[in-house]
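The structure is given below, and queries will be raised subsequently.
A, B, C, D and E label the chains in the order they appear, each numbered from 1.
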C-alpha cells in the first residue's frame, strides 16, 4: 500500500431498496488523517452508505477498498480487523455492562486472545489499564461504574465513541456523533475529534453545521443517494445548490 | 459476574460430602440417589445455562446432547457385553475413562452440527430450530430397534472405574460429586475468561460486537459446542447412575425441564441451575410422595417463583442476605 | 403383625393416566374386599405417579426400596418405565409383579426369578388377533399403528399369525390423532379386514373417524384388547358395534371370581371396568395367594415359590406361569354387540388355549 | 387421482386446525411478545367446556358458544392475573410461568373431569359424507371445519391489517410505553387480544372433539406443531400462519400418504418403508429446519420485529 | 395549564430528580434547558406518568395527575414527541399517524392526515413504507406528526430537531412558531439556544435534577453569565 494512497476508496457504489435508490453511484475517497464530512438532507442515504462501508448492508454494485484492499464482500468483523471503527446513529451499547466493562471489552476485542478459555478477563492488566486510559479525560471518567443502560442520551453517544476508539482504527465512520449532545458536550466532542486527526481518518456524518465546518477538511454532499458536490468548507458553504438542498437560510429562524 | 463465592462453595461441598452419612442417619438412604440425580441434572442445566444465560442462545434442544451422552455409554456397553464390535470395527467398552470422554466428544460433534445450522437464525427461530433437530434425533432413536427403540437400553452393570463398584449408590454419588466439583470449577473459569467476556458481550448486543471486530458466529458456535459437551457429560453420568437409557432422555419435554431448572434457579448465574435442579427435583419427589395431584403443587410453586422473584430462586436467596 | 408394604409405581398423569388409575383402583378394591388384607395378611398399598417418565419411575423405586424398605413392587403400565425400574428392583433382591407392561427385553434372556408378569407378554397380546382374523377367513388385511416400538411389535405380532395378505401397512406419528390420511389409504386398498393398534385416546379418535369415513359395517375390524377397551368403547358408542376383539378377559366371563370382582367394582366405581382393572385385580389376588403361604416377601424363597404356583382364582378362569414367569393362558374372541341400546363386548369363543410367549425358551433360571 | 384429492382435502382440514391455534399463538407470541406455552391448555379447556355442555344438553351447537366463552374467559383471566405482569419480563420468565399454568390446567381438568378421555357427539346434520366428485366422498364435518377455518382466517386478516385495533396491537408489540403515552389504554386492548387468541384456541379444541379424543394433555401435543406453524409463517404474521398452516397440513399429510409408496419405486421395500417412516414422522420438523435455513425469519417476516 | 412543583423521581435506587418546578400557561412556549444527563427527559417522563414520581405535584388542566397511568394523562391532552423518536417500526408511516390519532378536545380545525402531510411532504412520499426503515430524520418528522395527530393541548418536544438537516430544522422551527401563533402550548427541550431565545416565552434550567433558574428572554440576557454556567454556550 502506498503510504499516501487513499485509506478508503468507494467506486460506483449502488444500493436499492425496492424502487428506491438509496445509494446511487457514489464515488468517494478518504486520505489518511483526513476528516471528511458527509452531509445531506434526511433520507439522502448517509446511514445507508455507512452501513455498506462497515459491511452490514451488501451493496448492489460498486466496490469498496480499504487501504487498497477490496473489502466489498467481507463481513463486518473482517473489515474491523483491517482498521475500521464506527459509531451508530441510534446508539448500540452493551446494556448490562458498566461503562468501564464496555470499554474494557472493546479493548480486549482489539487486543486479541479472545478465545482463551482459561484466563481471567478482568485480570488482564494491559487491557484494564488501556481501558482506564481511554476513559480518562472524557466526560465518562467518573461514570465508569454505571451500567450502560442507565446513561443519559448524551452519555451514550460519548461511550459509543470511546468504544470505537478502543479499536485504534485507521478509519472511523461516525454517524451523527453530536446528535443529542448539549452545547458544552458538542464543544468537547469537537475537541476530541480534532485531537484524533493524526491517529485516524474520519468519515463524519453530521447535521450540526457548526461542528462540521469547524472540523472538516473536505465535505461531500449527498442528495437522493448521489454526491452533488465535494470540496473544502468554503466551497461547500458557498455552493448555491447545497444551500438550497440542505443548508437553507443562514439563520435558522428569521 | 460476581466473584466466585469460594467459601460458600467449599461449605456446600463439605456438606455434600457427608450427605450419604446424614441421609443414612436420618433413615432416608434414597436421598443419596436423589442427590446424585440433582448433581447430574445440575451439570446439564448449568451447561445449558452457559449457552442460554451467558451466551443468550435459547436452545430448546439440549436434551438431544443429554441423550447422546447417555447412548454413547449404553451403546458401547451393549457392544462390549455382546462382544460384537460396533459397525464391525469399533470395539465396545465398559471403561468409564473411555466412555465419559467419548460421550463428551460425540455430544460435541453433534452440537457442532446442530449449532452450525441453527446459529444461522436467531431469536424465536433459534429456539424452534434447535427443537426441530432434537426432535429429529428423538425420532431417530425411537426407530433404532437395534438399540431398543422406544423401550430403551438397559446397562446391567455400570462402567468400571479403577475397580470401584459404581453399582453402589454411595460410590456413584461420590464419583458424581467429584465430576460436578471439577465441572463447576471449570465453568467458573470459563465464564470469567476472555472468551467468557466475549460471549457475554455477544449476548447483549451482537451487532456491537461485530462492529468491534468479533466474528460472532464462530464464538457463538464454539460456546454452543462447549455447552453441548457439558450436557453430554451429564447424560453419560446419568446412563451410569440409572443403568438405563431411552429416547425419553432426548424428548422435548426434557429440554424444557432443563430450561425450567435454569430459569427457576436463575439464568446467567453459576450455581443457579444447580439450585434450580435441586428445587425442582426435590419438590417433585416430595409432592409426589404426598399427593397424586403433585403436578398442581409443582405448577403453583413454579408460578409463585416467577411472579414474586426476578432472577429465580438464587435471586431470592441473595435478597435474603 | 406389621402390614406388608406394597409399592405401586404407575402412570396417573397425562393422557394415559386412566390406565394407571384403573390398575390402582382394582388393587385397592381387592384389598378392601379382603378387609385391608391380602391372603389374610394386612397390607399397605403405597402409590406414586411416574408421569410416564422412566427416570421418575426409577426414583420412586429407589425411594420405596431404600427409605421405606419395601420388598414388593408393582403397578407399571409402560414398557420403557419397566425397563428402567425392573432390573434395579430385582437386582436389589426385591420382587416386581407386573400388572401390565411386559417388554420382550425382560421376557427372554433378561428374565429374573423375582420378576412376574400377570398380564401377558407384549408379543402374545397381538398374535391372537391374527389367529382370529385368519379363522374368520379374511384374505387381505390393512394394518395401522403409531410409529413406536409397541406399535411395531403389535403389527409384527399380528402378521406372525395372520395367514392372508397384508395389503397396506401404515405407521402414524406417535400422538397424532387425525387419521384421515390413513382412512383414504384404507379406502383405496379396500381390504377384507382392518387391524389397528391405537390404545387410549388415539383409539377413540381412530374408531370415530373410521365410522365418519363410512367404513363401519362395510370393512370389518379385528383388534387386540388395548385398541378397544371399555373406556374407548364407552366413548365411541354405536360406531364400535360389529368390531371383533381378542382378549384374555371380558366382563361377562362366567366364573365366581369374576362375578365378585365385577359386582364390587360396579358398586364402588361409577365407570366402565377395563382389562387393566382386571389385571390389577388379578395381581392383587396373586399377591394374596403368595402372602397367604409365605406371610411376607421377606421370606423370599417361600414367597417366590408361592408366586410360581399361581394358586389363586383368576378372573380369567385359568391362570398359570410359564418358564419365564409370564402367563400361559387362554385367549377369547369378543364381539361388540348392541345390547339394549348399549354397545357391549360379548364373549364369542375361545380361540387359543394355554398360549404362552416365544421368549419363554430363552429364559434360563 | 381421487386419492390425491382426498389427501389434499385432509391436509387442508389439518392445516386449518393448525391455523386456528397458530393464529392465536402468533397474535400473542409475535404481536404482544409473550411466549404462551399455555395456549394448548386453552385449547383443552375449550374442548372440555364445550364437550361437557354438549353432553349435558345433547346438542353440539350449544357446546360451541360454551367452548368459545369459557376458553375466552379463561384467556382473559390468565392475562389479567399472570401474563399481564410478564410483558416487561424476559421471555424465559414467560416460559416458566406459562409452563406452570400447563401443569395446573392439566391437574385441574383431571380433578374435575377424571382421567378418562371424553368425546363430543357429532351434530346430526354433519355426521355423514358428501360426494364432492364422482368417487370422492368426504366427511361433511371435515368440510365444516375447513369452512370455519377459512372464515376465521379472513376475519382475522381484516382485523389485524385493516383496523385501528390491529394497528394499535402491532404498535404495542414494539413499544408499549409509547402507545400508552399517546393515550391508548393498551392493557385493556391486550386483555382483549389475549381473550381472542384463547377463544380461537377454544374453537379449535371444540372442533377437534368429534374427530379425536378430548383428554388431558391434548394441548401439549398440538402445541409444538402450532409453534412450528407460527415460526415457519413468520412470527407475528397472521397471513404467514395461514399460509404455513395450510401448506404444512397438506405437505405433511401427503408426505405421509405418498412418500413410502414413492420410495418403494426407488429402493428395496424394507428400506423404503424405514426411510419413508423416518422422514414422515420428522416431517414438520424437517420442513421447519429447511424453511428456516433458507429464510431464517420465516416465510412472511414481520419487519421491525424485535426478536427474542 | 401544566404546573409541576417539588417533583422528585428516581430510577431504582438512584434519585435523578430532586426538586423540579415548572409551569406552562395556556398558549405559552416554554423551554427546559440543561446539560446532558441533568434530568430533562426524566422530567418529561414523570409528567407523562412513564416514571412514577416519588414526591411532588403535577397538575394539568386543573387536575392532579401524578400517579395516574400514562394513557389517562395523555388523554387529558398532552402530546409527546419522545427523545429518540420511538416510532412504531413495524407499522407503515400512514399507520403510525392514524393508529393513535384522536381529537379528544374537539378542535374545530384538527390535525388530520392531510395537514400533517402538508407539513411534511416527505412523509407522504413514504406513506406505505414501514417506519423502521425510514432515515433518522424521516422518523423524527413522523414522531412530530404522530403527536400532532392526537391534537393535544400541550405538545412536549424532547429534542425534536435532533438529527435533522438544517433546512428541515428550520422548517420545524417555523412550524413551531406557526403552532405558537395558533395558540398551541408547547414545552420544548432543545440545545439550540439561539433559536429558543427568540421562540419561547419563558425558560427553565435544570441542573442535577433541580430547577435552578427560570425567566423570560430578557432575564436570559441579563443573567447570561449564570445561564452560560448552567448550559454552556
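Structure notes:
FYI, contacts are C-beta pairs under 8 Å (C-beta built on N, C-alpha and C of every residue); 3 or more make two chains touch, one makes a residue touch a chain.
A quick note: this is a predicted structure, and the numbers were derived from the prediction, not measured.
Under the touch definition stated at the top, chain A and chain E share no contacting partner at all.
Centre-to-centre spacing of chain A and chain B amounts to 44 Å, using the average Cα coordinate of each chain.
Between chain A and chain D the centroid-to-centroid distance comes to 47 Å (mean Cα coordinates, whole Å). Once the centre of each chain is set as its mean CA position, chain C and chain E turn out to be 74 Å apart. If each chain is reduced to the centroid of its CA atoms, chain B and chain D end up 32 Å from each other. In chain D, the residues that touch at least two other chains are 106-107, 110, 277, 281. Looking at chain A, no residue sits in touch with two or more other chains. Residue numbers of chain C whose C-beta contacts span two or more other chains: 12-13, 147, 174.
Those chain pairs judged to touch are A-B, A-E, B-C, B-D, C-D, D-E. Per the touch definition, chain D reaches chain C in the complex via residues 3, 6-7, 10-11, 13-14, 17, 106-107, 110, 114-119, 122, 127-129, 137, 139, 141-142, 208, 210-213, 215-218, 221, 253, 256-257, 273, 277, 280-281, 283. On the side of chain D, the complex with chain E involves touching residues 164, 167-168, 170-171, 173-175, 177-186, 236, 302-305.
Within the complex formed with chain B, the chain C residues making contact are 12-13, 47-49, 51, 53-56, 58-60, 62-63, 65-67, 79-80, 83-84, 87-88, 91, 103, 105, 110, 147-150, 152, 174. For chain D in complex with chain B, the touching residues are 29, 35, 82, 85-86, 89-93, 95-97, 99-104, 106-108, 110-111, 220, 224, 227-228, 231, 235, 274, 277-278, 281-282, 285-286, 288-289, 292-293, 296-298, 307-308.
Taken in their complex, chain B has these residues touching chain C: 27-31, 33-34, 37, 142-143, 145, 148-152, 154, 156, 167, 169, 238, 242-244, 246, 248-249, 284-285, 288-289, 292, 294-295.
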